[in-house]
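Common to both upcoming complexes is subunit A, partnered first by subunit B, then by subunit C.
And now, the complex of A and B:
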């Protein structure tokens, strides 16, 4: 089936990059999934990438001349389009080759049989509208705490659950736990909860960008998000999320209140000496906060900073990367770090915003 | 193991629909019912496959094979021209040799069977059966025989292996009934489902903890 259209390089590149984020990088049972699926009907070009678990479809307007369908190697085509000079690109499908012409460059690449591309259906439930910035912010606050270990698939997901009059997002990799509440966002019925792969939500948060709103459709096994001209469909994870509520200590006798940006900068500096999986130590007292990192045979770093502290003098060690993740995503200028002792989970929260919490297990040190 | 080399088309309908156009491929039907379609490339991944349990109907008159999973997924293989059709009895596979961690894990569990279940006591390591030795044979608090298979990473293959041992062990009236326990550092969800279906208990153990090493990285759960 032939296909012919003209399109601005930047528009085509954006569509290929967005859809390409879902393209399978693992190869696997369906080699066709290493390609992007192009469908031209009139002036509407639809570009789809999928690894079965995650599907991203971008719809864009081009100057169509002849309808058609093609599957082309995703990375190769994206690299080619990215390398072209700015301006229009003429795309023509002839036989099993796709030619791309943007003078003085001409490329012809072998396509992948399009009938091998799986037919993927999106859920058809009622659409619910979400505020783009708020949802993106919430996703960014929770996706990092999800596990990347496929051996524990439940922990690779973000729990989305109806909570009071809003939506609660929860993730944990068993070392830390993030909880974010979106008040007034009722997309689930009472008691309903779904587990969405964090990888899909990470891609979604990138695609939301500055969009004011997005829509969500929930199916039995899939969830589909629409952001402008892009739709993201992801399978849901089956299984029961850990009972996280019991993990959050109700009483923290020690409380450190500190400027978020200053702490983030200091931890990033001191972390440079926390090599080979060594932790960073936080010594808290009425004098303030002291950060120390020591790596044997390499060196040490030390930094003191002002902070308000209530409680007993205490030194707690943390994985510096996990600590940075929590500080980075906490909203507001000022945060609190509440602790029980050097072995119990610490609670990081924003002073101004009670809708976010980050629970972090310490690292045992001798 | 039945091996058919044929010019065929393959259609899969389930969570998604996939079509393999007409081409020459290898179709494997394994003794446990697994069906896999291979192209002439790639190290191990088939183009399409259906795990057991499933229902395979081979209509040699029309050349259409239909493989149906319990969930309703259907794999339809249409054979247009058969070039080779052979069958071989491969017998029982002895499985992979254990690596150092796995062997050490077995040794530690033999020393501390109570870390698998309270009241468990060791009868013998490498307990012999007609198809190879089971890692640990124990008795529980009620005197019931317990066959334990130890893996570093618990996958479906390990459950299959333990199932075969249990089949043989339960033929011995001096041992029967023998229940099975599948032990690993991490057990994959699919393996847990299969084990539960076969009434085999799954236990995940911490290698470092068994060695008496407390991880400095504390966990929430």
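And now, the complex of A and C:
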């Protein structure tokens, strides 16, 4: 179990940072999971980080001298490599220590017994190819609406469902709901649906970066994505996603059409006076849109802006963060906000892209 | 969403009688005398006996010697060498205070504690049309005397400021020949406010300290009547805008402050030590229903909801177990809180006998500003009976209605004295404690 190789600092750093994204910062039940797993076979170095639910593996080519395996503390080794001078690093496993030498620096760190690192199996289903930019865009539109509350495991996932001739992504934390359709992308068989942890998809969307394509394999209990030399394997969530279709009102009598960028800027300004979980109020009339936020004992903000509005005069209050999340991810320059009344869900859509939908529950003020 | 500060308050004064100021008589000293009756009639002081000790509270007998609170203990001893010093037991005072506040909450949820032994109450809505405010004051005194063996004085008026001044008139007095009992309740009748205030020294007014008092005295103003005769502009010119305005209003008996129920609570709960250990699961369940109801009612009266329900069980051998469960959406319903608490209690083996039971709700947020959930789209899950129960309790008192599940087969819950109204947040067998954690 010697393990000995030489590698450019930048390459090693990238591999450690990517794999490290899956390493739990919470320090779970298995101490070995606070480490990254290094495997050298010939010139191929495989770096793996995992919190069991999510596993990220990076394969990279190095100048291998002796095959071997090691698990080293993820944060520490990443910080060390990042701090080294640019250039080559010599890595050698000696006993239970890993030495890293990049003259004039020399580090030796105690390793974690490697045999405790869990054996992870990737799904063996057929590989499906996805367009990088389109899939990444879709993920960004839905991941924020998923819940981060572990008490509601089903809502921490993003539903991926076969829909007509494409793939539909849906997420909700019960306060808002995002739907994004990827037309022409069929990765699932008819009627099939899987529930993927949103945390995994968030990491995946970061790793996709500018990559043109990625492949997906679906198993019974996990899904695996491959982007370039990185593979992301995630546990699937078991359970039934709520029936979201019944939640989307079919008839919205009121419709506001407005410039997306201008609204985003205005909401971000007015939000400064929506403190202590007070909402931001949107007053819509044929004169346009008025935004108001009032925090007792702090102050208030007011902004009016031009907008096309059809319907009855209406004031609806929203959590400003949730509103911003929806405006930010909506594609295109112009959006519509469709409302029923001040207590029913409002529907935020893009004028030019029908594949996006953001449903938002108002805040009730009594 | 962050936990927001919840604030519940009553309506501003409207000229009608219904503001009560309740002040316990020599509270700390009286609590001590209660457990050491042999000291009754002797001058008793609660406070430190060290070189720098001060008097925290003095019995009325001690006050007859000129001893009063905040006086250095050494001076108290010089005034009365026979004075009995007792080191304070503030945990006990806190516990008794909670019991007293709970009794008062049985009459109205609009209770604003000022300190351990003092509170404002708005009873305009309580027992409305059935019992006059002065009668409510008498009943409060009666309940506190019956349940806690402590006396208090109550001022009744049409606003907070007058009520507090009225209490002074109801208080026992320490005279050189010994304490004299007061009337216990003093009412400033509607229409009689100015007459009540006029002869009073200005120094008795809220906001008039020694410096302002001296300045007013130089202006020839000694009584509230003198003050009321001044144009507001003259008071503002000599005292400044805000103080001048404030005193002008007080002199004319104007105080528009509503009764403000506590703000910023981190949790609301209730726990009780039973007179006898409870072994029967049915009895325990009934206690749990009653306590969950009390906690839920208090949450609603404060305009708050909570996500975490906890129970605390202390067994006969003092082993204590706590269990908590967190629900996805904030709740304030009696049924919801009872269900959560019962489910946790059901998992515990209570056959050894339960000495103490507690129910607590935390992770509070305001129910006035509520982020709606998609689950609300198909109708609210909130129990429609809760607001009705709250309304009935608001009008007829906390004891007026309650859950049938809190009743025993005989129709009365255990641990109740015969003749006591059987239900509600105020129905607490001694020594119950309401537990409220403040930020």
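Here, the second predicted complex is superposed on the first by the 365 of 366 C-alpha atoms of A that agree within 3 Å, B and C clash if a C-alpha of one lies under 4 Å from a C-alpha of the other, contacts with A are read in each partner's own complex, and residues count from 1 in each chain.
Following the convention adopted for this analysis, a contact is a pair of C-beta atoms (placed from the backbone, for glycine too) under 8 Å apart; a residue touches a chain by one contact, two chains touch by 3 or more.
Here the structure is a predicted model, which means the values were calculated and not measured.
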Subunit C versus subunit B on the shared subunit A, clash or fit after superposition: clash
Touching partner for A:302 - first (subunit B), second (subunit C), both, neither: neither
Contacts of A:119 with subunit B and subunit C, given as first, second, both or neither: first
Partner chain(s) touched by A:82 [first = subunit B, second = subunit C, both, neither]: neither
Touched partner set for A:175, first subunit B, second subunit C, both or neither: both
Partner chain(s) touched by A:239 [first = subunit B, second = subunit C, both, neither]: first
Subunit B versus subunit C as contact partner of A:221, first or second or both or neither: first
Which superposed partner A:276 touches (first subunit B, second subunit C, both, neither): second
Residues on subunit A lying within both footprints (that of subunit B and that of subunit C): 151-152, 172, 174-175, 177, 242, 247, 279, 319, 343, 345, 359, 361-365
Interfacial residue positions of subunit B with respect to subunit A in the complex: 15-21, 42, 45-49, 153, 186, 188-189, 214-221
Of all residues in subunit A, those that touch subunit B in their complex: 27-31, 52, 113, 115-116, 118-120, 151-153, 172, 174-177, 221, 235, 239, 242, 247, 279, 319, 343, 345, 359, 361-365
Interface residues, subunit C side, partner subunit A - complex: 1-2, 4-5, 326, 328-329, 365-378
Of subunit A, residues touching subunit C in the complex: 149, 151-152, 172, 174-175, 177, 242, 246-247, 276-279, 319, 322, 343-345, 359, 361-366
